[in-house]
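Two complexes are shown next, each including chain A; its partner changes from chain B in the first to chain C in the second.
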Partner chain A sequence: MNDNTVSTFELGDALAIRCGNTLTGVFVPGSKIALSAYRHVKWNSRDAPTETAGQDPVLIYLAQETTLFEEPVLRSLLAESNVTFATLQELGQKASRAEYLGVSHAYRSLVRACLERLDHAKKTPEVQSDEDRLQRITETIIVFYAAECLWHLFEILYMQQNQHVVPQLLDWARFYAPQIEDRATDFLLMAEGASENDDYWDVLKSLVMVGALDVTRAILVQNRKASQPAFKAAELILTSMPVYQEGFPLKKFHSQWEHWHVDAERKIRANTFGSEPELEELLQLVTGNNEKWDAGIQESSEWYEFLPGYLLYTKPTCKPFELKIAAANWLNRWTLLHPDRQLNNMDRMISQLMEHDLRLFIYDTQKINDTHWLTTHLIDLIYHCGELKSYFEQNNIDLPALRHSMIYEYGSYLMSTRSLWQLGVDYLDCCKQEGKAAMELLLPRIPLRSDRHALKLMSVARQRGLVDVEQEICKVLSRQSFDDRRYGSALEWAIRSKDVLLVTGIADFILMNYSKTGNMLCPDVIVSIGSRMFISPRLVFLSKYFEFYKLYRNRDFLSAVELLVNLLDSKITPDYFWPSLLIDTVPLLESNDPKIFSKETVAILHHLETELVPIIERNTDKLGNKNAESVLKDYRVENVDEILNIMRLACARNLARALVIEHTHSI
Partner chain B sequence: MSFPKVSSHFVSEKISAVRWLPEQLHQSDRFVTGSWDMDHNFVRLYRLQSNQYADTSVDYIPRCNDKVAMEADVTAMEFVDKNTLAVSCADGHISLMNVQRAVEEDQLQRTARSERLHYFRYSNKSAPCTGLSVYGGDIATVGEDGCVNIMNASNVKQVKRTIEADSMSLLSVCYISQQQLVTANRMGIIRVLDARAATGAQPKLSIGVASEDEKSSNFVSALSTHPMQQHILLCGTEEGSITVWDLRNLECPASYLSAHDSPITDIGFHRKDPSKVFTAAEAGEVWMWTENKLIGERNLQDGSSAWLSGDRVRSLISVDGVLTKIRKSINSFDTNGSRLLCGSDTEAVYLIDNIF
Partner chain C sequence: MVSLLQEIDTEHEDMVHHAALDFYGLLLATCSSDGSVRIFHSRKNNKALAELKGHQGPVWQVAWAHPKFGNILASCSYDRKVIVWKSTTPRDWTKLYEYSNHDSSVNSVDFAPHEYGLVLACASSDGSISVLTCNTEYGTWDAKKIPNAHTIGVNAISWCPAQAPDPAFDQRATSRNPAIKRLVSGGCDNLVKIWREDNDRWVEEERLEAHSDWVRDVAWAPSIGLPRSQIATASQDRHVIIWSSNADLTEWTSSVLHTFDDAVWSISWSTTGNILAVTGGDNNVTLWKENSEGQWIRINYESGTTIQAKPQQPHHPHLSQQQQLQQQQEQPGQQQQPNAALSDSEHSSNLSNSNLSNSQLSN
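Up next, the complex of A and B:
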């Protein structure tokens, strides 16, 4: 998380070393960089193969940003925040503040639940034995703990819109410093014996400094010496401290508070607690004694730890805009007392929030290693609730554009990460045209696991009108099935893809295969194509021919003849299939009882002369006599030329027969 | 009548199948889930525990008791008997799991794994096993290679029969009786098969599912038969409609209902109360279809059903949304008593109490 640390890559394979250990990188989709060895070529380099060409394999490395989301436990965070995100989109920009606060709470509570789960996972033996994972989980806990802490503070300062922030800040600070409270609980359980602990007074001081007065009092009451006058006086001071309630007249409160303050200081000066120096110190903290607080500050590990407590004793009615100055002063004071301590990112971001410097805050949150989870969701929330609109306008920040780009980046990340694609869809849906375009690019890149998976992807694409994506997926699957000799599957995918050329290609393949071998591939698919056949004339032909094929097999010759003649007349017969189609007529023409009328016989003869003969001639012209049959082939004859005569004779015989019968009947 | 109570529980896995553990005497509080599209897929055994945080409206929280790592996506699960679970996987195998109920931690163990049941003949690559159906001790599986495999749960290593039923992916299978099966493919063709006959001797019984637009493809992704009247077959399709067939009369569908706007992912009668049918859809909806009372009673006697009443079916059956606006596919559901359990791509399971 340091600006100065830039990742460096080194390949170190044989080829790279030979080239002087240089490398080149190309961005590939999915936020990856493809790295490979590189040799510099200049305008004056010789255009010749290098002396080492072919000696070493060219290796390509893929560098990818590491992300915390590889941790399985974190998936629930992604999935749940996705649901909350969608809820927020539905709320739109017109909902009440309470509803936006609800959304903010939902986000925070799911981070907290996830932290709890991570903590639980960390303790399991499975993780304990896996060092990498343990490390990753520890890191994750730190990152999301910080994210939640920042979000909470943001919520207090910018969303709740309370006039007086001290009580909430106290809660906030206490929540993120649980160690003190844990110790306090121990003391409460130990009752009288607690004061014998070495850290008794230190813990009490810390408790006072985080503003947990109730707990401090409860512990003090249990002290063995609680009945002594010093303790009684202390108890009185602590209980009589006025606490500001929202709505109470401010002036009245101030005068009460002043009075209490003066009274308390007077008591301390009067040496009421002389016999109990430790107790006196506590009360000096409560009255805001600078010396004692400075001592306390030196003990503290985070600058913001005791700020809310200090405000409680010195400025209990602090308003958000006053906090800005108070926080700045406090931070100065703290850094003066911790000269050797560098402020880390978290420290900076908290001060940015308190000092109302959202611009820098947003800039810094993007450096958190959470793949922009926090920034994306927080900015989206800011955008929707609209409280800070004027701030962003004054600072020349185009909030909608910022939100748009954050969501776009986050959505693309999810979409290009295996198995998170479904979550990414919702984010990209918010990005209008760009989102759609990104989906169009990213959806087809998702590796397909099964048909169901593919159908799911297609359903997503279809809902968004991404016709090209749907078709591309179908085409890929069709091709795969075809290569795998699953022709039925290939044909069905092709029909789904609505790609006429592809469908025609596969139909051609099936027809050619039939004319070569007499084997009809995937009859169960062809028979059930139904009205889907109209996508391609070739498919219509295939379906109709198959219908004929079935009728013929079922010995329903009259219907078969009718269909066959229709097919001959249809003008959709592919050239290569003419021989097969005409050969099919031979047995019908030559059968013992006549099946074809004279008119149809003439038509067959006509087709023979006008279609098949020219085709054969053309082929012979083009390829020479010997190769003719290589294009026109039927499994039933060896040489296509031979059938011409057989067919002509068969037609003539049937014509004669049919004419006689037809005319006999008519007379 | 109390209102249904919906609670969602995020499990960090895309769930492809859910099943309640069968219980004889009481409502089940254990269930199994199978995941898909994850780096590592698991079958997990959950148990409902009463919620200790009193401040929420959630009564039960599922807790994972045990898990078994699978080689690939889990595609379907079905209980063969009280303790034995059959799981089909996208690597073309099925596995049998044994569930051991215990007071503290229940256990789940894989007891058998079949040979590779489904593969593409030419490339010899594994084909995903897409569905399974159980009848008695028999298990039938279908896969993307278009084959149906039948074996007995007592020995899944030995396949009793392989039927090359289709030349494209089969998406769903369902037993009608001990001998008869129905399968559905990606084109919406439903075939009736004989479990005893070899490929060549299969009855040529196939029906095409009804569709709004005849020119577009419309796969059948879910099949279910009536638990008592097994001639009633419900088919859920890609366009979101339900086609009902009376298997005694295959000439035309008995009823056709347009329902969801997205592909139906799962369809089924309530296990104990066949007057209720549930459908789940890709867009994240679960609907409950209820036969209107009066007519239901009359129909039980004459052996027909409101589902078979053609155009009148809409007036005889009312429909309620059980889950809506989930926005991602509900892949599977199961009923047990008054509880409905749904598994979804949102990486959550939804538990609905008091469905009726």
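Up next, the complex of A and C:
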């Protein structure tokens, strides 16, 4: 696929095709896009079924960005890299290089561990039998293998601050081409018999080209002809090759190396190895014979495979800045010898790293299908360790802004993905205001699976001062509980949400239900409200009324009367509750042994006349019909009008008795 | 790369005009020319949970209210009616309220940010906009009308988010007051208008002129805490325009996102407002993103993502099969060595594309 063509995702919906390939799409919550066939119908279109009606199934497609992180095996990589990310944020920008290198190693070992887990998972029967998953895991391995390889190279070239890069590059190249060394191990185990393998010399050549001289020698020593002069001479050349040690005077090394080189070439020219052409070829590679290397290059599948080896034999003290030219030359040479091969992204990214073209490198790494895992974490590391600060400045790249946007996107992605949201929080925490705002938008949209889950969400919101989000979640929970008829929990959540209207609404519901049925909903919740009742006058009324209700039930009539009279005087009684509240006084008024004093009785009568009567009048229309929707109901009476008579009578009787008793006592 | 999660057979008898997922993305509502609204589980491919019948004409749009009000859905139709539906379970729906005070087709409905309560705005071809407010305590509705909002008709409507820029971020005292409600509308007079509620009245606050044909869709971007506001508008003049303003919404500047090959019908923002989806007569759904330097780039300019109706397929091929086919063609020679095998197809990028723009690369 060419970089310049826009890759498209095609549907092939029958209805869309019938209508002339029309399609519409809209973002829906959860970063999905809902797609469907589209036909432009205008306000002035004829109101009739469209000609396509009933011909094809009408389908809606939900599409989403593909992400490898749907693979459960990757979950731990996400979680662990989140921890490492947090560690790096704590280190800040003033830590030592060793500490940053430690972080870099940590990231790489996470990927390595993850690759091993993926490899393991790939072999399990359940994955083997699931074609889609197998495909996905295979793809994931490819992606993260690349991520690790690139990260490793980046670390060698830009973080370790090596004076000379060849030894590290050799390790790097060998690590990512393990097949050759695997075969070498086989040969070592076969000892003498190894040379009978058809690929014996090819493998040896490859070993030389990846710079694995120790292994090459070990295999050669086991050869049956090892005692012959040619082999002896080869062994001598190989062992005597000077290897540069960091800190050794460069000039001295160069003269030693030059001496060895001349000596080795002289031996080859002297036909020392005439009897062993294959062995001779190995040594020609070691001395950097271009013709032999060209042949080797043609055998190689990746351009960077043998580059470190070549440098070992031709430029062993290559410095990072010299690598730039060496790599460019090598890549040219390689492409000339592989005319049919087009460079893929991986090839390009490696050359960008070696040629110090980080801008392009960052651009290209964002195209890896890892939902920006690599770029985000790598750029964050670059930002913190500060090694490349001047590079970015020279190239006009605002590194802090780039880092910010990468982390923001990555965090938002995690946050909007089911079950990954908690990991996203730490990333968005780094994005200042925008991160907070994104959390404010995304947190409430996480489906509330359980109360425990909701509490977790709320604590995240609270820690970040997102009070509105916390309250919003409470409101939703309250509504959900209410719809499920779990009124106690609805009331609890409503109180937590501090939404006066919501609390009032639920308290109203409970009170109305009581007045209609005589059944008090969720008593255990009401009893535990305590001082939180002051959020809404209606809740105060509910709590107080409930207190009365309990006292009455416990036959503590005197306290009950006191509370009831207080309630009557409180001016917080909702209109619809007046009948119930007044009827509650009837048994107390009618009690054989009077419980209500004359003064209170007068007060009750007063409330009856000044509160209930006007309410009843308001609810009755001019013709004397009761408003059908009248809120005035009580489970104890059929008609509200009855209350008036019963009450008036009860009050009169009690007043008489109370007056008698009060006056008798006073004498 | 974009992949298909699922296909839902709506079993509507005619074209679907709009599909909307609820706040949590769990329930899908669809509306169709057959006059019905249907409800589905978004994660399962099963039959409709409910069919809502009440309209006598094509239903143009549906909108979900915030879950704190319960499961509430609004639909608007050619039959001039707006119906607000309520459910206790996803299967049981009842009409909560019906509004029929428009003289022509109602084209668009949008619920206000939940902070304002249960408030619904409706845009009609009669040129007016209605704002319906529910008194949740008594279950009564109050309607306010903006007559002659756009001559010939109002096509689309969208609310300004209630979230105001954070004062810590923007020290100026002029930041807008989030308690003031605002709406943006687009109409057949080629205009985009911003409305503000002012003492129980709706007044025209801003008139944005730049389109040269009917404005088909408007979408106010979610606020992400920056001291600015953005509105995207789409028009039959083939332009999508992004309008940006300062924090107190007094100065609006426009920039044309792109000139498309055909009229643009609809636009929508992702949840955090970082991506804009555009669909139009060119039959593509394209995704756009503002990069860190404020340029709008089409996502995956290089190996990107557009979603296209496929022309030549007579049948209804399974998408995953197609994709697999593609991959198989590209994979030979890559499988033996994992490290070697990163071809561009496997690099097919994701929605967020590159944060470094092309211009940066060229300098």
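We adopt the following convention: the second predicted complex is superposed on the first by the 610 of 667 C-alpha atoms of A that agree within 3 Å, B and C clash if a C-alpha of one lies under 4 Å from a C-alpha of the other, contacts with A are read in each partner's own complex, and residues count from 1 in each chain.
By definition in this document, a contact is a pair of C-beta atoms (placed from the backbone, for glycine too) under 8 Å apart; a residue touches a chain by one contact, two chains touch by 3 or more.
The shown structure was predicted, so the numbers you read here are calculated from the model rather than taken from an experiment.
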Which of the two partners, first being chain B and second being chain C, lies in contact with A:Cys522: first, second, both, or neither? first
Going by the contact rule set out at the top, does A:Tyr487 touch chain B (first), chain C (second), both, or neither? first
Per the contact definition in the header, classify A:Thr314: touching chain B only (first), chain C only (second), both, or neither. neither
Which partner, once the models are overlaid, touches more of chain A's residues, chain C or chain B? C
Between chain B (first) and chain C (second), which, if any, makes contact with A:Arg449: first, second, both or neither? first
In the superposed arrangement, does A:Phe27 touch chain B (first), chain C (second), both or neither? second
So in the superposed three-chain picture, is A:Gln222 touching just chain B, just chain C, both, or none of them (first/second/both/neither)? neither
Touching A:Ala79, do we find chain B (first), chain C (second), both, or neither? first
Have a look at where A:Gln463 lands relative to chain B and chain C in the superposition and call it first, second, both or neither. first
Intersection of the chain A residues that touch chain B with those that touch chain C: 483
Inside the complex, what are the residues of chain A that reach chain B? 72-73, 75-76, 79-80, 82-83, 86, 418-419, 422, 426, 449-453, 455-456, 459, 463, 483-489, 492, 495-496, 522, 524-525, 528, 530-532, 534-535
Touching residues on chain B, where the partner in the complex is chain A: 10-14, 36-40, 73, 75, 90, 120-123, 125, 128, 130, 144-146, 166-169, 171, 186-187, 189, 206, 208, 214-217, 219, 221, 238, 262-263, 282-283, 327-329, 345-348
Could you pull out which chain C residues touch chain A in their complex? 1-26, 28, 30, 32-34, 40, 42, 57-58, 66-71, 78, 88, 104-105, 107, 114-115, 125, 136-137, 153, 163, 166, 168-169, 222-226, 265-266, 268-272, 274-275, 277, 279, 281, 283-285, 291-292, 298, 300-311, 313-317, 319-320, 322, 324, 327, 330, 334, 337-356, 360-361, 363
Flag every residue of chain A that touches chain C in the complex, lowest number first. 1-17, 19-41, 43, 47, 49-50, 52-54, 57-67, 132, 135, 139, 141-143, 145-146, 149, 176-177, 179, 301-302, 344-346, 359-360, 362-363, 366-369, 371-372, 396-398, 401-402, 404-406, 409, 412-413, 416, 433-434, 436-438, 440-442, 444-448, 468, 472, 475-476, 478-480, 482-483, 501-502, 504-505, 508
